[in-house]
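Here come two complexes built around subunit A, the first alongside subunit B, the second alongside subunit C.
Presenting the complex of A and B:
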């Protein structure tokens, strides 16, 4: 085997290892979202505790991926598409780590919420929203591994559904709080969970953008569709004293 | 001049340019925090609108820094400390971009809040919190440019003050909402602003960690101090039906 072949193949092996770690991290984050949402719906404090405990492993994997990426950059000095691959790996693992953090936060708030009276129906709505994000994450990881920019763009579009779900939940919680002030504390926590789930959707979209960048060499042109209207639309957030 | 010297000096120029862009971006983000918090306190819709408009330039600068970093990696194949510098540049600009997003979101919510009756005292408390974050950001950028890991670690410690301010504001808003349900919508927005400001503090801390990594070659050992207790402490989030 020539030296050149030897270098190329061990470089490929490095890239494969890093990508395997990204996929492993993605799987752990999918599971964190799923379990956190289930623990919220079934008021399962033990499962919530588990999700919180497992986040450390997700963080450690991001750290490891960063170190591997730095090592490949230093030793192999990749260019063009190989360089893009390493850069996207750094960005994608950072997004995954943040999604994992939000799942952990959902589990933390679940532990608080299980000690309060339940607010009817809302955990089921939140779980539907979380499931949509989980599906998007699954698809964007497929798009990443298959270098499928069409699928990545499709995932970006679906983020609008998550935003619409969030808008509906935002309105519902406001109503619950106004109807009965005893709901306020629980609704505040549910609200943050909803907002964090909406942000998870944004982060999956950011991963999709990285897939497009990896395949095409350019960040997607179109502005990311923005569906959370609650911070700008006065009809959703009316002056209730008016 | 030898070829080697020529290469070294144009490499240094590349690094200087990128760092100058980081500092410029940092200045823009500082200003966004400051103006967003001021627009909230003085109910200045025009200033809020300005902050929202200026966020595009921050995003564009991040994109430019990413491209410059990729170019340097491809052309110069830096190693050791130079490589770390490029990697931290990518991470720091991503954190700055997110802080800018939170400032924009504060400005968006300000535009909604100016149409509602004011909630006494709270914008002043939020502005104090935002000012603390702004100071931390200023110091961490100094720490970055001076390669001062002691200052960076000091900034990390100060994030606890921001978290404590957030905890106090969280309790205060819950009380406002329970006392008068007409405050609920406004308080929800103020609440998100407080939480986002607390997250800005976390992002400044993440930048401080990158400075430590840049100078020492290792991520700081000690777990980042976590002061937001509102999602875990049942005494802060009691079951008010119990």
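Presenting the complex of A and C:
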């Protein structure tokens, strides 16, 4: 960020307000992931309900950020770094909103799962995965506010770990379902949670790309590491008939 | 950011029209331009931006030797139009200015009829043999400047009786009447309302098909809208020169960034 302030100081205040809202939204989404994963592991229906209820506030904040961004575009005609800031807050808030939706969906499925018999060990694995995503989100928000593109690039690399955790969980669920068909309903829900968490990792990566763009003016061109092999590698999803 | 007009109007813009190397300009002891190198392309709108006193107008005026009219002004370095040194002894500044037209900040029509305003240049340069030729040039120039429809029924009335925006378009018609190759515009819209400004901007984009246009403007948005290349001047230096899209979304120099984003720098 340029150290210099705008000649029109209200422009600075507008940009600061929008960024404060991004950080607030980021904090709410972090908490949603963390609480949803905890409610899943501890089978806490009340906490899950709370996570679902809080999603409205996240959506409202996205709406507010968009309005503020539109206002700056119309009134200030931002250029260069200011323009990139506005473009990135619009995209980052959209990504955060989607992550919030996935957390809410996790909480919804948790409420269903609490009425079923538990599947051994899997919620703990899911929570580890969610914690990794949450850490990535925290770091990418730090990278954003500190304009640290190295940290953002590091976060992008870590998405591989999430993808690999998902691969492992995918295999585990397949095994559970093959062992006992009574597990299928619960495992289907758990699998959706795992897949959604993996998608959260992708969205955090998208935010990291926006941070790189904001700081450097260029989208990162290195190929994104892809660790999710379940859709391309048949050996990960063995044929049940075998 | 891509420049839409460039995509719409597909013209060859690879030819270098003006080539300036190591240009210095002095007003007495004061050095106003401190070694500028720049290539101005044909069929391209080039915008010069920068704070007041940065030298952008001074540099613009070097391109058709308008600075010759200022006694204490001294220009050094090399400025070539189509490869020919315009400061060479053999060059007649009047002929040069017929090739390199200029439009000023304030509309300055001659105190003559609309017709005579446009016909003045072609007459003194002997571009028309007959009255019919001259009529054709006047009509074509006024059409070029998007003023024909408004002015065709009052060609014998004084140019000063037109509105500000119309007067500025009359000055543009006057400038294009001598079929110049380059058009220099020094803040052509700063005295105009938004509608007249939009008309002049549309005109600039049309003129680009036939001319190389260089525009000095204080309006950053205008520079972004009308130009394909932008040059940022600061304290007599050409700080940054590049594609307009790049200058306005991702300038490389901190001083450019500070200026276009409106920061104290």
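Here is the rule we go by: the second predicted complex is superposed on the first by the 233 of 242 C-alpha atoms of A that agree within 3 Å, B and C clash if a C-alpha of one lies under 4 Å from a C-alpha of the other, contacts with A are read in each partner's own complex, and residues count from 1 in each chain.
By definition in this document, contacts are C-beta pairs under 8 Å (C-beta built on N, C-alpha and C of every residue); 3 or more make two chains touch, one makes a residue touch a chain.
These numbers come from a predicted model, not from an experiment.
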Handout entry: Which of subunit B and subunit C A:77 touches, first, second, both or neither
Key = both
Exercise for the section: Considering only the touch criterion stated at the top, classify A:192 as touching first (subunit B), second (subunit C), both, or neither. Expected result: first
Practice task
Examine A:15 and indicate which partner it touches, taking first as subunit B and second as subunit C; both and neither are also allowed.
Solution key: neither
Exercise for the section: Could you say whether A:109 touches subunit B, subunit C, both of them, or neither, answering first, second, both or neither? Expected result: first
Practice task
Identify the partner contact of A:218: answer first if only subunit B is touched, second if only subunit C is, both if each is, neither if none is.
Solution key: second
Handout entry: Winner by number of subunit A residues touched, once subunit B and subunit C are compared
Key = B
Problem - Doubly contacted subunit A residues - partners subunit C and subunit B - result: 77, 79-80, 83-84
Practice task
Going by the contact rule at the top, pick out the subunit C residues touching subunit A in the complex.
Solution key: 220-221, 224, 248-251, 254, 256-258, 260-265
Problem - subunit C contact footprint on subunit A (complex, rising order) - result: 2, 4-8, 11, 77-84, 217-218
Handout entry: subunit A contact footprint on subunit B (complex, rising order)
Key = 63, 66, 70, 73-74, 77, 79-80, 83-84, 87, 90-91, 94, 105, 108-109, 111-112, 115-117, 174, 177-178, 181-182, 184-185, 188-189, 191-192, 195, 219, 231-232, 234, 237-241
